[in-house]
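Which chain is which? They are A, B, C and D, in the order written, and residues in each are numbered from 1.
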Amino acid sequence: MTIEASPSASSAGPVRLGMVGGGQGAFIGAVHRIAARLDGEFQLVAGALSSDPERARLSALELGIAPERAYTSYEGMARAESTRRDGIEAVAIVTPNHVHFPVAKAFLECGVHVICDKPLTSTLEDAYALADLAKSSGRLFVLTHNYTGYPMIRQAREMIAAGAIGTIRVVQAEYAQAWLTTKVEDTGSKQAGWRTDPAKSGAGGAIGDIGTHAFNLASFVTGLDLDQVAADLTAFVPGRRLDDNVHVLMRFAGGAKGMLWASQVAPGNENGLRLRVYGDRGGLEWAQEDPNYLWFTPHGEPKRLITRGGDGAGAAANRVTRVPFGHPEGYLEGFATIYAEAARAIRAARTGAPVDPAVVYPTVEDGVKGMEFIDAAVRSSAADGAWTKVGR
Amino acid sequence: MTIEASPSASSAGPVRLGMVGGGQGAFIGAVHRIAARLDGEFQLVAGALSSDPERARLSALELGIAPERAYTSYEGMARAESTRRDGIEAVAIVTPNHVHFPVAKAFLECGVHVICDKPLTSTLEDAYALADLAKSSGRLFVLTHNYTGYPMIRQAREMIAAGAIGTIRVVQAEYAQAWLTTKVEDTGSKQAGWRTDPAKSGAGGAIGDIGTHAFNLASFVTGLDLDQVAADLTAFVPGRRLDDNVHVLMRFAGGAKGMLWASQVAPGNENGLRLRVYGDRGGLEWAQEDPNYLWFTPHGEPKRLITRGGDGAGAAANRVTRVPFGHPEGYLEGFATIYAEAARAIRAARTGAPVDPAVVYPTVEDGVKGMEFIDAAVRSSAADGAWTKVGR
Amino acid sequence: MTIEASPSASSAGPVRLGMVGGGQGAFIGAVHRIAARLDGEFQLVAGALSSDPERARLSALELGIAPERAYTSYEGMARAESTRRDGIEAVAIVTPNHVHFPVAKAFLECGVHVICDKPLTSTLEDAYALADLAKSSGRLFVLTHNYTGYPMIRQAREMIAAGAIGTIRVVQAEYAQAWLTTKVEDTGSKQAGWRTDPAKSGAGGAIGDIGTHAFNLASFVTGLDLDQVAADLTAFVPGRRLDDNVHVLMRFAGGAKGMLWASQVAPGNENGLRLRVYGDRGGLEWAQEDPNYLWFTPHGEPKRLITRGGDGAGAAANRVTRVPFGHPEGYLEGFATIYAEAARAIRAARTGAPVDPAVVYPTVEDGVKGMEFIDAAVRSSAADGAWTKVGR
Amino acid sequence: MTIEASPSASSAGPVRLGMVGGGQGAFIGAVHRIAARLDGEFQLVAGALSSDPERARLSALELGIAPERAYTSYEGMARAESTRRDGIEAVAIVTPNHVHFPVAKAFLECGVHVICDKPLTSTLEDAYALADLAKSSGRLFVLTHNYTGYPMIRQAREMIAAGAIGTIRVVQAEYAQAWLTTKVEDTGSKQAGWRTDPAKSGAGGAIGDIGTHAFNLASFVTGLDLDQVAADLTAFVPGRRLDDNVHVLMRFAGGAKGMLWASQVAPGNENGLRLRVYGDRGGLEWAQEDPNYLWFTPHGEPKRLITRGGDGAGAAANRVTRVPFGHPEGYLEGFATIYAEAARAIRAARTGAPVDPAVVYPTVEDGVKGMEFIDAAVRSSAADGAWTKVGR
């Protein structure tokens, strides 16, 4: 066991953070806050936490945000914070998908770094526009594809880059959940409501909500570019307006092939994100619900179980590992690693210093790729599963 | 635990069995013999075990077959045995695929029941012809899709038929192996040789060798009819003449959808046949390598692990269970159950008595469906994955 | 994968086998018959299957034993068979414990090899006497500690002997079951009845029924000699006459230490025999319910999963392996291996040829050690857990 | 899924925390800080982080502690902080065992609540004295037996209290690690150094370091009182001064029995804390390395897998659950729950309000019981394993 220094190491004070969305009752906002807090790298000092003024005020109070920095609109917040000497350096956007674009735009234009939940936007056009904006802004854009923060995912990526499994042939990605097996959106669930509403989610349901995570993870780990998809999107629950089950065949540049299954109607599956990659020399298998383990199966040798912090773990995993082997890290730690990486980049940006090349996080470009994936899958499915080129 | 009476119970003497193929060095022939022997229901008394006369003779000697019943051709064996008063009642065909048809034809025409390895034939035309022949012969035709013999597969089938998971929506089938990751067919492996030779295997490689098993299992368990497939078949190993990786999207009559992945180039996978079925009320998950367990996941309740012989096991599983819970049964027991079921049917046929309706085994019709699946997948892949109707 | 020739290879005809006990309704008798049949090495030709004459007759009829060889007493059977030219060569004894001794004695004195269920006898005195008798008889004595027949147990034994885990320090053995959680012996269960009756089982309940299996397995795999035990035997179910839960501390010659837990009142445990061995260079872990896997954990390296027939499996495992990796073998196959090993020894004995040194099976001496273990544990528990010397 | 409100909910500002020990390079100090930070309930404002002044200063600087509150002695810190208006309300003690007592004493006497790492002290006498002191001080004493913070442990405790498994019969606890397999204390490891030094750890090695965790967990979950132990403590590594392997038989008040195994020389085991409890109606099984799962095995029914946040989880688990099912929580979250519970109690103490009866954390009394357990085991082992009464 060799655990690297804590990811929190820095002498220059925490990053001042604001948040848009994430008021009382929201799930992902609370997760972002814990993630920001866990390594002590951020301080939440401002927020437009709800479009409902009273809810915004109460949520801010509960979080210890000063009353004058509890905003009721993101536009107002962007303007006000960008003129304060102690204004926020970064904003976390944790709204439904269709709001990501205008909020991000507002803050980028005010010179604030953006940490944005996924998927990037609700339309591909917005995604392209946002990417252009982000690039020209000179600000950082961090997309919280949080599963890339797991140490064993870093390990898999490092091993593949080093050739441990040879040339990749087959990529099997899946993300199975059960929670939309019945028509939950009719029961008043806010979570289910916007996720199944095309106006808020965009053209994709399960494919946008969880399919993009699986796609992003496969891309992050393998380094492959997706070329074409053939998709069959289905809304199994009667009356549902967006897909709740997604079957996709994939062809990657260079000849690798794969499958992606995303479902929110698979009883018994809680948050079953799983990735299996096979090359001509070996394979790797990982499952999000048991994230501290990575199976490495060199062809012709016994299977090996690589554990977080354990004897087979390498540099890329160890630099984002907080506690020793056998002391499981989970979802929040992986999420926090995205924030910790963002903090490293933001601190470098403070002084214009170069970012440590080991720092990795998903960017606006990964967000564009995710939107291109959704777009191509939706179009393929509409064309009865015809192979469809991904991206421009 | 309530274990039913041993499957071997019968007072009328074992079934007289012959075998074609399966001489020294063959894998599946030895498996069939153990399966036939395990419950004491069969006695191997004749064989055309090899096309090589000396090998045929030695193989028979080793197996205790009388020299005069060690044949060098299946035609001669069919003729001779059908004229003996103590001639064989059934023949086990364990040759490469392309020989199944002529051998089965020869014996059916001589009034001998047939137990045949899968896939049924090497061409769809042969399959249709054989099915017609089998039906008109009045003889039994048992196809050894052995995985249907596992108790927990019987359990899953019974539960689905009883509505335990409601209306089926999603079927995820897979069969992953590693053993053809390199070009083993060039190293003298007889097993790899014929499986990758279109003249002996037919138009499908992995899809015929293992994909049909996965398809058959999904059909057996769900009772669904496959309507259309969209397939992407690949030969990843340079120079290989048949597919070694198969990605198939499936649409079933009635609206269920699914995926099937079969691969022989997935390092780390030994014999990874796995089935997951999700309905609107629950799910079931099973893996061949750990066959004594069945996950049952009723929606909205904790997951339950049903075990072979255990408290949740029902009649269909218990009637093919030999030893109590916790004493694992495996591949050979499942295979033997196909033989035991065949014996029950053959014994009933001796006297014209009706077969116990609980007796289940794959038939020539299942074999035709398997060939139609291969055919449709091969055609779909040739048409760049276009959705292709399965069967006539 | 290198699978050795089938264990059944032999040209000299099957071993003629008789059976005492195991009539209709018996569990272990049916298991012995399948085990004897599986590899085609034995032919069951005689039996004293029940002390009830009618049940003995019907059981024999069902098994295809000739009426004149269906005996109603083991003494009669021993006399009659030993004078037939085609008399049995070996007898399988599958009665309750207290009958093992007189039956074995009768057959050994008639020159018949003995295959006997465990534990060896119901008293230590009988065990010593039987061992003397077996030695002086010149006949083979095979004790069916069947778990030693699992390939991965052979693998573990071979690896330890080769020093793969260094000098052994800690041995953790356990055997947990649930089936006696309630007072089943009062419900008419024949299985539970004799196992909880001191007159039939001897002084030990769970310790004799399953504790000896765990002890035998630990001894077989490690090669260590047990020196002392400190035991706490309990009958948790009110009114039960023998222990149903066993806690034992162990000290082995040479300094290794261990624990053994055997319980028949542990709900959720079906047949949970499990062995973990740790040395100064590595560890091994195995569980009977998933017998095709062996964890090998060399200190300072990632864990490796060795699979039956897989890349890490060695000669000792492969010679008792029937089917390739990923095609699970189970309880019956392991049991059959004990019979296959016995057949090899018996065939060698036919001609006086030396037995292949690779042949391994538990003997009367292992049976004596098992009885000494029971005896020492019972005495230690009676002495409030005082450390008690094992054996003479 | 019904996830309760975040444990962080409070309007009264974070608890002001100090820390003794835990300077740069320390493991457990960093863990305590993350745990304190995760829910936003504490603010670290002072510290005596190292006995080395320069290291103390640098450690404090890195953690954002004001220079004037970076102390070089705990005595000075206790005095200074207790006179500040904004002085610390609680101190976290993360030193080696032998320093726990004087530090805790100093702060309790100054009216500061104590959060102390385990085991409580290095001698039983100190433990008794500290318990008296704590009680008379009127301050809170929280012992960080962190594993009691896992939601599935809370679930197990609640189920047992509600009678889900009936009357407890058997408790199997174990805690296996590998990291002291070789003589690491000779390689300069600070962690290994003090843990194997009787002057710093006390009379117990593995039994104090990890055995107490296993004992505490068993007590917490079952609610049973330990009556007697029979122990065999061993130092397997040549030259080691304290036990590195512990075998203990246990007798609980009321008749339940158990085993406890703790080892630091078990290669392949990372942090293998595991608890299995069996009653006359069912069983429960949990393993720390996969903490989001709890097996519940009602006798005579299929096994059920209860998951954190899932359908079978109850109130006690859900109130300490942060993220939904399938999003794994780990070691840090469990540890943070101890801090969150402490914060709730401290906040109540601020105003004298009653503490929510659902709040649970290990106290000084649990620490005394842990020390009595160590003491009795050490004495039993010295008396060759004689059954030894636990406690006064």
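FYI, a contact is a pair of C-beta atoms (placed from the backbone, for glycine too) under 8 Å apart; a residue touches a chain by one contact, two chains touch by 3 or more.
Just so it is clear, the structure is predicted and the values come from calculations on it, not from any experiment.
Asks: Which chain pair is joined by more contacting C-beta pairs, A-D or B-D?
Replies: Of B-D and A-D, it is A-D that has more C-beta pairs in contact.
Asks: Quick check for the class: compute each chain's Cα centroid; which one is farthest from the centroid of chain D?
Replies: Of all chains, B has its centre farthest from that of chain D.
Asks: When the C-alpha atoms of chain A and chain B are each averaged to a single point, how far apart are the two points in Å?
Replies: Using C-alpha averages as centres, the distance is 43 Å.
Asks: Distance-wise, how many Å sit between the C-alpha centres of chain B and chain D, to the nearest whole number?
Replies: Taking the average C-alpha coordinate of chain B and of chain D, the gap between them is 55 Å.
Asks: When the C-alpha atoms of chain A and chain D are each averaged to a single point, how far apart are the two points in Å?
Replies: Spacing between the chain centres: roughly 34 Å.
Asks: Quick check on chain C: which residues sit in contact with 2+ other chains?
Replies: As it turns out, chain C has residues touching two or more other chains at 269, 303, 307, 310.
Asks: Taking the touch rule as given, give the residues of chain A at its contact with chain B in the complex, in rising order.
Replies: By the definition above, chain A touches chain B via 165, 169-170, 172, 178, 181-182, 230, 232, 234, 236, 245, 247, 249, 251, 257-259, 261, 263, 265-269, 276, 278-283, 285, 295, 297-299, 303, 384-387.
Asks: Help me check something: in the complex, which residues belonging to chain C touch chain A?
Replies: Going by the criterion above, the answer is residues 296, 300-307, 310-312.
Asks: Give the list of chain B residues in touch with chain C in this complex.
Replies: Its residues touching chain C are 1, 6, 9, 11, 13-14, 27, 30-31, 33-34, 37-40, 61-64, 177, 179, 269-272, 288-292, 307, 309-310, 322-333.
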